[in-house]
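Below: a set of structures, written as structure tokens.
Two complexes, one shared chain (subunit A), two partners (subunit B, subunit C).
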Partner chain A sequence: MVEDRELLRVENLTRIFGSGKSQVRAVDNVSFSIKEGEIVSLLGESGSGKTTTARLILKLLPPTSGKIIFRGKDITYVSSRKELLNYWREVQAIFQDPFSSFNIFYSIRRVLNNALRLVSESISREEREEMIKEVLLSVGLNPAEILDKRPYELSGGQRQRIMLARVLLIRPKLLVADEPTSMIDASSRAGILNLLMELRNAYGMSIIFITHDIGLAYYTSDRLFIMNSGKIVEEGDAEEIINNPKDDYTKKLLEDVPVIHRKWEL
Partner chain B sequence: MKDIFILLFRSKRFIVGFVLFLAVLSFAIIGPMLNPKNPFQMVGGLFTPPSDKFILGTDNLGRDVFTQLMYGTRTSLLIGCTAGVIATSIGVTIGSIAGYKGGIVEEILMGITNVFITIPSIVVLILLSIAIKTRSAAVMGLVIGVTSWPWTARAVRAQTASLKTREHIDIARITGFSSIEMIVLEILPYMFSYIFMAFILQFSGGILNEATLSMLGLGPYQTVSLGVMLHWSLLWEAVRTGAWWAFIPPVICLSMTTFSLMSMNSSMDEVFNPRLRRS
Partner chain C sequence: MGNLLTATGLKSYYRTVQGEEIKAVDDVSLEVREGEVLGIAGESGCGKSTLASVLSFTVLPPLYILGGEVRADGNNILVMDRETLRREIKGKYISIVPQGAMNSLNPTMRIKNFVIDVLEEHFSEISKEEALQRARERFEALSLPSRVLDAYPHQLSGGMKQRTVTVISTLLNPNVLIADEPTSALDVSSQKIVIKLLVELLRRKIIKSVVFITHELPLLRHFADRIAIMYAGKIVEIGPMEDIIFNPFHPYSRLLTSSVLVPEPGMKQKKIEAIPGVPPNLKNPPSGCRFHPRCPSYMEGLCNIEIPPLIEVKEDHRVSCFLYGGKNG
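What follows is the complex of A and B.
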């Protein structure tokens, strides 16, 4: 499934917040690349700079220095609306909080129609309705039940599924999934993860998981990048890292995973 | 939305404010319809005390105070409303653009706002009132509105800056919304209650500002407003001659209007910010 063509490469990406003594190097000289159809995880505790990295890749935040290269093209300083729209057609995201990811004033139909507007302006109303119904079915939701509802009438799992439906409509090349399952309950989690994996299998989508959950990263990813205070401290094959961690921080991170049959010492 | 109205009408303070405001409003709108007299017409003697013929007596030129009061309240409400609409629109526009855009745009817009805050608005109002030769009620409203937006702009900027960090804003951005769409569709709806409350405050502030200016003699020409009535009674020494009916009624009308607006505002605050609710 993983092809050899490189999809996205970041080179020496750095983002500094604040200035002078209080400056924080949220992302510090980070370099990595992801191939087409590959699933990788950026793994780290809160404050390690993984969400900032995600925002930089999504062009929601300008970097202080460094480069982002998407399909061979340097898009670091792209700022015209047209180019940004083209980029966002290829790179999309799912965020952590399925509650605040929605504008509470709009129905689900409107959310999905907005996503279609990004794909093409010239799809007829009937076609749009058809496409929306199709993607809702494919994420396991009943269109008739969902379409006219407002976000606050739905559960967290349902909302995250709608966010997935939104991604499916746009069908980007790269999906940045920032803690996609951390705020929904365990029973919906596996369903969402399997849907995400299916995106790769069916459409060859590359996925970057941003997570602190080693189990999730191990289960889903081909490669892992371990981040600590803005730097990537270890990277490599998922299996390899979990079984044979080299960096001290990675070891500590692995030790902190709660295991069911071992008593926790607090 | 329906729940909000139910909650509002459960609050006694809101009902008091609402009923009082309706009373003032109908006095100002229906009054002149039922009683289409000219408030400038001299109908009685100089400072005639209240009687059957003149419910609130007459003023220094023998004009009926009751008729003046109806037309004056109407003008004052009109000026307050115009000022409120203008101040709220300017404040919301500047505040939301500054808060959403951030960076240099925010610095510039907030710089302008801070300059407007430090200049005492009464001075600007006096200068503007002098500079504008034909002062109609609409112009008064405009002048007051243009000088009283800064506080709204600052508050809206702060609200926008905090709303901006929500994830649906990021989603909308990567869906390709333009800045205007972002502000109008994604941010302002969340502030609707806040903006409405800001409007009510600006409305009552506008009425009071008009009264201040008009009492100083900078009010609208050829029109009677509550402030203009106070100006006349000041000018013709109604206080010294003991003609209380010339200045007490407009003062009561003014206080009732602002009190009703304020009490509606504070009970709305309670409904929209559940933390302020008392059990």
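What follows is the complex of A and C.
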């Protein structure tokens, strides 16, 4: 599954917000790389800079300094519309807030048709409709019920599934999933995660999970990157980190997660 | 030890403008015992927050109570008039930390002014200084910095806001504290601090019991004494915490406990399965057992027709499923 070819590398990525006294180093000299077909997690609590890192990788925010290299090409300063569209064809995202991810005036049919148009202009209308219905079913939504609705008529969980459906249509090389299941119940969370993991197996898609959910990160990922105040404090094999955390922050984090077989001292 | 709160046959429905009824809480009976933490768990939309509203008398239209009773101190408090309820019960006997308590503070008001309001409402003679003094002592006793009182809500972190709201809702030493997903918006470290605060409140006998509503079963593992599992407006299983977590009876509880993701060695090799299907629409809940369309042990001709009663399968452990009896004849 995991190929030896490198897909994405970030080098000394830094992003500073504000200036002077109120300056915040949201992402502070972060470097890592991901291989093709690899699943990793950027794990941290709120304010650790994990979402900012995601936005930098997605080219939604320019870095203060550092480099982003995608398939051997430095794309840090790519800025033309055409080049960006090319990049986004291969790098897609699922965001944590499904409430603000869609244009409220567009029906779900239109949202998904637009996604398909990003892939290719030459698919016929009937084919598009067919493909859309298929992916909606595979994310557990009923096409007849959903297609003509607008985002505000759907629940948070349904919206997150629509975002997944988009990904299934576009089939990017890299998916950045920012808290993809935060609005989905535990009982269906596993289903969505299994679906994403199958995508990796079927198409060799790489995934970066951005999450504070250690259970999710451990279950899905090959490697973990633990972030705290803008820095990666520990990285390595998921199994190794959970069994044998080295950094104090990682240890504290693991201690505070409610697990089943070890009870807290309260 | 007695029951602080006994609910019997509670029915509470939402009524839409079109005259439809959403049966969010349908024939629920449970008791809250002195000294315990009762966890209520279930998927979103199973009616657990509605149950919290009913138990804490924060029912507002379009939610209506259609039947059943809630007894506290021997009185059925569902039939009390609003004024008595507000003066005698709310905040004093039963208090609630609502879902999204982080947004329940007035952003233009310092915490201390809010606290003074609360205390003045319940003790007409109390002076501002006395009220403030009481609040300060309580904050310090629970090791929260009393400078919080001088702050505006936006100056506090999420975890601190949640703790502040919890302390304010227990200022009047209520017997029962109903906590509706108080930690779901918090980081794990802040979550643990809030849980510690609740346990501390119990230990100091400031409150006598907690009803903790959550969708996160692993959390209940650490401090609940009993757990009730809700599905589609009904309690399907209720029993001691260890039983429910490690040895649940109801097929739904089994699927629910096996779908949790926790970072424990060995979890990665297991394939975690989601519960197939989606929770039913409570406008037209399925006939018979409401879980039957998703149930792996579904019995045709029985589960889809009769409603399984909640029967005792072990000491203090009740389940509503025909697999364990309860069939007529």
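Just so it is clear, the second predicted complex is superposed on the first by the 259 of 266 C-alpha atoms of A that agree within 3 Å, B and C clash if a C-alpha of one lies under 4 Å from a C-alpha of the other, contacts with A are read in each partner's own complex, and residues count from 1 in each chain.
Note that a residue touches a chain if its C-beta (ideal position, glycine included) is under 8 Å from a C-beta of that chain, and two chains touch if they have at least 3 such contacts.
Keep in mind that what you see is a predicted model, and the values were worked out from it rather than measured.
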Original post:
Quick one: subunit B and subunit C on subunit A, clash or fit?
Top reply: fit
Subject >> Angular separation of subunit B and subunit C about subunit A, which is computed from CA centres of the superposed model and rounded to the nearest 10 ° >> reply: 80
Original post:
After superposition on the shared chain, which partner residues are touched by A:G215: those of subunit B (first), subunit C (second), both, or neither?
Top reply: second
Original post:
Is A:I242 contacted by the first partner subunit B, the second partner subunit C, both or neither?
Top reply: second
Subject >> Which of subunit B and subunit C A:A115 touches, first, second, both or neither >> reply: first
Subject >> Which of subunit B and subunit C A:S65 touches, first, second, both or neither >> reply: neither
**OP:** Considering only touches as defined above, state whether A:F102 meets subunit B (first), subunit C (second), both or neither.
**Re:** first
Subject >> Which partner reaches more residues of subunit A (counting touched residues only), subunit B or subunit C >> reply: C
Subject >> Smallest separation of CA atoms, subunit C relative to subunit B, angstrom >> reply: 12
Original post:
subunit A residues touched by both subunit B and subunit C?
Top reply: none
Subject >> Of subunit A, residues touching subunit C in the complex >> reply: 45-46, 140, 157, 185-194, 212-219, 238-239, 242-243, 252-254, 256-264, 266
**OP:** Would you tell me which residues of subunit C are touching subunit A in their complex?
**Re:** 43-44, 158, 187-189, 191-192, 195-196, 199, 215-219, 221-223, 245, 255-256, 259-265, 267-268, 271-275, 278
Original post:
For the complex, which residues does subunit B have touching subunit A?
Top reply: 166-168, 170-178, 185-186, 189-190
Subject >> Contacting residues of subunit A [partner subunit B, same complex] >> reply: 55, 58, 60, 81, 84-85, 88, 91-93, 95-97, 100-105, 114-115, 117-118, 163, 166
